[in-house]
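First the structure, then my questions, so here it is.
To keep things simple, chains are lettered A, B and C as they appear, and every chain counts its residues starting from 1.
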Amino acid sequence: MNEFIFFINIVVISGAVIGSIYALGAIGVTLIFGILRFAHFAHADMMTLGTFLVLVLTALFPAVGPAIGLPTAFVMMPLAMAATAVIAIGIDKAFYKPLRENNVKPVVMVMASVGVTLMLQGLIRFFAGTGSQSLFVDDRKAIFRIDLPFESASRAIVVTEPQILLFLFLAVAVVSLHLFLNKSRLGKAMRAMSDNPDLARVSGINTNTVVGVTWIIAGALACAAGTLLSLDVTLKPDLSFMILLPIFAAAIVGGVGHPYGALAGGFVVGFAETLAVFNWAFLLRPLEQALPWLDLPNNLAFVPTEYKITIPFFILVAILIWRPTGIFKGKVI
Amino acid sequence: MALIETNSIYAGYGGMNILNGVNMSIEQDEIGVIVGPNGAGKSTTLKAIFGLLNVNEGNITLRGEDITNLSPDKLVHKGMGFVPQEYNVFTSLSVEENLEMGAFIRKDDFGYMLERVYSFFPDLKDKRKQPAGELSGGQRQMVAMGRALMVEPSLLLLDEPTAGLSPLYMNEIFDRIVAVNESGVGVLMVEQNAKQALRIAHKGFVLAAGQNRYTDTGENLLNDPEVAKSFLGG
Amino acid sequence: MQNAKKEIILFSGLAVLVLWVLVAMGPAFGVRVLAEASCYAILALGLTIQWGYAGLFNAGIMGFVALGGFMAMLFGFPVNEDFWNTDLPAQLGGVGLKALFGIALIYGSTKLYKLGFPGKKLRLTLTLVLSLAVYLWVKTSLDPVASAIESQAGFIGGFGWPIWIGWIVGGSLAGLIAYFIGHICLGLRSDYLAIATLGIAEIIKAFLKNADWLTRGTLTVSPLPWPGPGPAEIGFVAARAVYLSLTAVIIAGLVFLLYRAYNAPWGRTMRAIRDNELSSSAMGKNVNGRRLEVFIFGSVLMGIGGAALITFNGIFDPSGFLPLNHTFLIWVMVILGGAGNNLGTLFGAVFVYVVWTMSEPVALYLLDVMRNLGEAWFAWEAPADLDSRALQARVFVIGLIISLVLRYAPKGLIPEKVAHHT
């Protein structure tokens, strides 16, 4: 029984947490892919930037959270999300829009986003250093233990408050995005532009507005993803490319330009990672007692933790070979 | 005053001109049909009118107002609608959403216009919730036209609305176009099915190598043996 | 004519800059910078082929560099007797045989259809399950051997062969990896290649950093032998100068080769593909085949350049590769100098590298001034790690230059001279 609880804690909860983070990032990436047609390499650093804004706000108003009963950083998150969205639009105006208007090829846009990501990295490192920081400035992380009503279960299922907030936020975000894309005029215009940009222009859809909305959503979600991840662990300013690869993998697995695909892709990649680094020996240990001839090695993980980055890569390669349009058939290849 | 008029326009993609002085004009209640061999510049003419490529020389007027090189979204506001030759529906959007996208610039309640489009194209009403990508070629053309009609344009530009349709369906589409025209919308369209199209045309323009070869009423062009021999296949 | 004049001005400026470094920092430092710049120039030539000739986005240059460096280390580093005098090599060989056997099995399972084995899905599943089983089998047999090597011998050491053999193997291996990546990605959107190369670079880095039995991991391996006489024999300046002449010969050979290829039908096809993908594929040219060639060739150069660079540094330190930042230093060299123009690329490599190296003391000096002023005027307490932050922050400048070049000088300082063949 304890093994099972251990499995839930290590695999189910952790996988869901990291999957939700990837999903939040991948939704933004996939929307940008769909509307602007390039892989946005600056997404991970936009996450870090947003988180850093949260950190600053939290340090400025440390007492807000305890007054409400939530982590201060979480209370500050909406503000930082708005700020990140504004910054994202500003970055677009300064660096992407001029190139777009020159009708450059998509790879040049990718290059430009690399330029942006390096600038963001430089700024973040200059102001925040490279060490880890905690988003809990004046408060502490609440941890919930759920004891199971079984005799044999001496361990408890452990969930932290940030994890619960993450799941709630993801649910709210996905439902709102769904309603926005399917019910609102602008949301439909976004889908239309992702489907056929020339026809969208011909129809009189204001493409600048749609691009702006895309950046608002992507920027806000990036900030939220970074913040919620950092609340759960710590804020690492140099996470950047380590998290970019799984996010891209998630977006491509789900089919680029396809927000629900990105959601699913995020969980696929997240769970694949946790399952691959999980030490199966823990689960099989009871079996060893039952079958005396069985001699299990101590470590039965598929992939050592140091090589975790290979998992999204292999998923990416597999999907590119097997079905480059993604499981949900994204339309852009 | 003419609804739309092009005064010897020169335009092309990049450096070279594809159009070398195209003149056409139609009145508010007319259907104008452009015919000509493949590569003559028919689509290019429509794109030049709709601001999708740069006009290098000459000018275009809409009811006397100069609209040369205005961007497409401005032209939509001025009451023009354009249906491209290819990729003219949002395949992943439902039929109704396609129509709503046509009405994107409208801030008023355009529900009545949806009904009107459905009454023009009754086939679409049953399929309103279906993705446009799942429709037949003819139905897609209807969606595309319906989308352009949503802003209640005074001028509709159609690029080969009957391409790839069976003769029966083709006639159906032509009937719809006539009906649309009779509701007060000027139509300028490119057609490969030249004879049938010229039959419903008030004005016809035969284009070759980026220039007007013949310009006359539809009927006169149909009856002109020269035109028939070189452009209408005997 | 205008262009020739501009080139003369740019190159004279570069010469003045180099002379200044030689004089101001001393010849030993100056020649070092030049030798390193020449290694970067090989990398930059590899990239200019990929990006300039074919428009391929390689975000994983540092992966190929690390691979080249590793091969140089593996072949050139002296033999480790502690390892070879035990039975560990035999055990390792055993694991290798198991791996070969497993790969043969997997390969065989993909050919089962020839025996009339039914069901495509079933075969795929079989292959996947088999691969997983083989992987686990090899891994569980490798793990104890690896830790035995680590505890008894440190790492397996090198082969003690001439190091240039390692350079060639490094280049070939880089080409092989490029073949696989390119094979998968080149038919797809151009962005996917960028993502995949980014991934492969991270993986190579993770592998080299953690496979202690092979690379000593974070403990690093040094000193690597040089292909020519080392500093101990003939002194720093002379040894570095010899090294520099070696890389210069390589570069001259490459430039000659590229010049020939560029003006040959092959080069024309390449440009046609880059500039107008659709019509050249309509012309029946094998677009992806050509691109794959270019991608492999460029990556081979990156492997060799990486080997040369790391050999020069004399130390193999797998955690020293900051994949993206250095990758994009090379990108800056290429797009600033002029993608697709070999001369421009060489200019960019030397210029950017010299500026990059000099920016370190300059940044520190500026910071020092700032700190002193801050303390004197505002009683400002500077953070203790301000120096390292300032150095890290130099990536900002790389990013800024990329953005500015793309916007204001998309063809670089010395643009590609497009020859019109009709």
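Operating definition for what follows: a residue touches a chain if its C-beta (ideal position, glycine included) is under 8 Å from a C-beta of that chain, and two chains touch if they have at least 3 such contacts.
Everything numeric in this text was worked out from a predicted model, so none of it was measured.
Here the chain-to-chain distance from subunit A to subunit B, counted in touching steps, is 1. Compare each chain's C-alpha centroid with the centroid of every protein C-alpha atom shown, and the nearest one belongs to A. For the pair subunit A and subunit B, the distance between C-alpha centroids works out to 46 Å. Centres computed as Cα averages put subunit B at a distance of 55 Å from subunit C.
With each centre defined as the average position of its C-alpha atoms, the distance from subunit A to subunit C rounds to 29 Å. Interface residues of subunit B facing subunit A in the complex, by the touch rule stated above, are 50, 52, 72-73, 76-77, 82, 84, 87-93, 97, 100-102, 104-105, 147-148, 151. Partner subunit C is touched in their complex by these residues of subunit A: 38-39, 41, 95, 98-99, 104-108, 110-112, 114-123, 125-126, 129-130, 240-242, 244-245, 248, 252, 297, 299, 302, 304, 306-307, 309-310, 312-313, 316-317, 320-321, 324, 332-333. Partner subunit A is touched in their complex by these residues of subunit C: 55, 57, 59, 135-136, 140, 143, 184-185, 188-192, 194-196, 198-200, 202-203, 206-207, 209-210, 323-325, 328, 331, 335, 383, 385, 388-390, 392-403, 406-407, 410. Interface of subunit A with subunit B (complex): residues 185, 188-189, 191-192, 195-196, 198-206, 331.
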